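Report on the structure given below.
The chains carry the letters A, B, C and D, assigned in the order they are written, with residues numbered from 1 in each.
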Amino acid sequence: MSKVRTPLILVNFKTYAEATGKNALKLAKLAEKVSLKTGICIGVAPQYTDIAPVAKEVSIPVFAQHIDPIDPGSFTGHVLPEAVKEAGAIGTLINHSERRLKLVEIDATIVRARAVGLTSVVCADNVEVSVAVAALKPEMLAVEPPELIGTGIPVSKAKPEVVTDTVERVKKVNPNVIVLCGAGITKGEDVAAALRLGTKGVLLASGVVKARDPSKTLMKLAKSAVDI
Amino acid sequence: MSKVRTPLILVNFKTYAEATGKNALKLAKLAEKVSLKTGICIGVAPQYTDIAPVAKEVSIPVFAQHIDPIDPGSFTGHVLPEAVKEAGAIGTLINHSERRLKLVEIDATIVRARAVGLTSVVCADNVEVSVAVAALKPEMLAVEPPELIGTGIPVSKAKPEVVTDTVERVKKVNPNVIVLCGAGITKGEDVAAALRLGTKGVLLASGVVKARDPSKTLMKLAKSAVDI
Amino acid sequence: MSKVRTPLILVNFKTYAEATGKNALKLAKLAEKVSLKTGICIGVAPQYTDIAPVAKEVSIPVFAQHIDPIDPGSFTGHVLPEAVKEAGAIGTLINHSERRLKLVEIDATIVRARAVGLTSVVCADNVEVSVAVAALKPEMLAVEPPELIGTGIPVSKAKPEVVTDTVERVKKVNPNVIVLCGAGITKGEDVAAALRLGTKGVLLASGVVKARDPSKTLMKLAKSAVDI
Amino acid sequence: MSKVRTPLILVNFKTYAEATGKNALKLAKLAEKVSLKTGICIGVAPQYTDIAPVAKEVSIPVFAQHIDPIDPGSFTGHVLPEAVKEAGAIGTLINHSERRLKLVEIDATIVRARAVGLTSVVCADNVEVSVAVAALKPEMLAVEPPELIGTGIPVSKAKPEVVTDTVERVKKVNPNVIVLCGAGITKGEDVAAALRLGTKGVLLASGVVKARDPSKTLMKLAKSAVDI
């Protein structure tokens, strides 16, 4: 288990076949290698079922993709923050565009995450929603225009003003929130641009998971973060 | 990994603290011991994060508590049938009263479960809903009047006609569906009654997980099934 | 207010601009005229806000597009069956593919609809789901393969076996359920085909609402039903 | 149709039998009388089906209880902002504790409401959530601790710091948002307290709808607002 540091490259494994089960473990180990070589913090967010096996084998930070704002009890089929923590996760995505939550659930989930010691990374799709999220006091937020997710068109190039406005306006409401950005990030220059625009890292998925050579891709992303 | 046989005692771990992480593993091992001693099939349904660790250590059938009717892809925070399968589950609960699904989702989930080789155990709260579920062709269904769940008042005693009507009417619509019953089951006599009413087993949770001595309780439940 | 008769042509106004507010009233009056001329029962399902104004002005049956399975009480923003009834509706769509419900909600909604005297028309997307719906004892069900909705490719032509299988298998589970079909219906011959395949009517939307001349289109649909 | 003014007393009719159909109209007329006599703006939020009949008969502002963030089109069973507007509503509640929305839906609903000319009144259950809501730029927000709703214990007495903190912190994020408070309000002194704590009005429901004499109760509430 390892602490999160910035700049952070956070790789969401989604439910991709290339990042399920044995493949999840393999990919996490590649990420660990790159992280150890470059010194850049690389986090991975595998599926629930893969958290324990992955966290057992790698020293980089492991995130859940979602948790439910529940206490231990009668919640069949839900994701208990304590379970995710005990499995070895150190944080969790919240409100990803593929798993949107009610406003009150986001609030309650951040509170529960903090209570069990999980780092909150809340996703938001535009500047206003990012500012709203910041008011709820998560550790991190990731601004991701959903129309760019999976396109290969990086937010840092297509909508740099969304990133800079988010960084600036979030700072006013809650200067403690660490801002990441995501959507369309696949290259080293995208990471560099994201950092230059004022973020502390990136959230990405297919750019790494579906890359021909994920190891090489991760190395380029990480090196680009070193150079900034 | 092990096949499901009937009579079946299926223990839902829900998100109980007593059945999370290390506790889940401990409880699953107790269940395995009782199963080996009595010859009765005992299944366990731990949380997603505990499926892999539990399935690795025990020879009894492991179920998920829920799966999403999705294919591999961009479904952050969802539960991929393939992931649950690779983690070692052989089946899954569907539509538990604490995780109700849309009708079309139940249909799609049963289809996906079948496609990846997971046994479907669909929950239903009354006779009509059970018949509706049977039309969707799951392997098993568990009729559970929600008002009795967690009460200690067994469905087999409080509402025996719900159980017998379900068994009878389901048979007409789809004779291949194995009917279980649940809600309020805590004692050996409840299991015996359930089997005498025509079911092939029981689904229970707090009756075992929250029991003072889960091992002793399970032993009584299993022995009672042997005697029928 | 008027009783439903079969064959039934049921026009779903959805939230189309062409069928909102004043336009809803105009379209309902056109439908009434065609119904009076041909003797064929034409029902309309306007938005909630248009039920009262429409029901006040026309003698044909008015349906809601959805109701919630709630009792009078603290349910801000929900759709009370009694409210819909008092506004003048005589029935309601349930589980339309654009407003899918949980299985237990469909069951509860049918029960509530019956309690307040509203005719249930439950939508289903395939044969299995139709049989499941029939087990819940609605007055009517409409089988609508969602992939054909709005395409202009009529289910009665593209998937006649879905229609005939539904009619046949529903009859076995519950012979009292009146079966309609929908999706892609725009012409008189589609209605004729639907009736010949054993249904008692059709559910359609854009085929009428978005038609160049809705009155003329409705007339053709209705005449085609007369001729069968 | 009438403009909203402050101080505002906004009466949510929920799905109470006492405020459905003919009863809704009767109650709205009482509210209008009190408003005309006292000069205090009283708004009413009846069910969707009652918006048109009510708005036609009274001169006080009528609100919807919820709208969906949709455009005209294929959204069977949903609530189109344009439909609510054409029926005569001048605003809408959003995210009431009985109809919670996803964060992105709240954002989109406020945008849609603005586009069609409906005043947004977004509900929030605590200070943090209120600040988050303010970042989304609604016209009004109503802070309502859900545990006090329907209790008769007024938020202005039980949790005055929630009200004052909300007023103060919202001002910093977005000084244009008008803050109301709600939950447990039944008496004139509750309204007075709410206004003294810095809000511009109250949102209430059972306190008026379920009152023995709604007219008398409303009169006391309104007079109390006059005296401030």
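We take it that a contact is a pair of C-beta atoms (placed from the backbone, for glycine too) under 8 Å apart; a residue touches a chain by one contact, two chains touch by 3 or more.
Small disclaimer: the values here were computed from a predicted structure and weren't measured.
Counting steps between touching chains, the shortest path from chain B to chain D takes 2. The greatest centre-to-centre gap from chain D, using C-alpha centroids, is found for B.
One copy, chain B, sits rotated relative to the other, chain C; on C-alpha atoms the angle is 180 degrees to the nearest 5.
Measuring from the averaged C-alpha position of chain C to that of chain D gives a distance of 34 Å.
Rounded to whole angstrom, the centroid-to-centroid distance between chain A and chain C, based on C-alpha atoms, equals 45 Å. The set of chain C residues touching two or more other chains comprises 97.
Touching chain pairs in this entry, ordered by label, are A-B, A-D, B-C, C-D.
The touching residues of chain D, when paired with chain A in their complex, are 95, 100-107, 124-126, 128-129, 131-137, 173. Remark: chain C residues 12, 14-17, 20-22, 47-53, 65-66, 70, 72-80, 82-84, 86-87, 93, 96-99, 149-150, 205-206 touch chain D in the complex.
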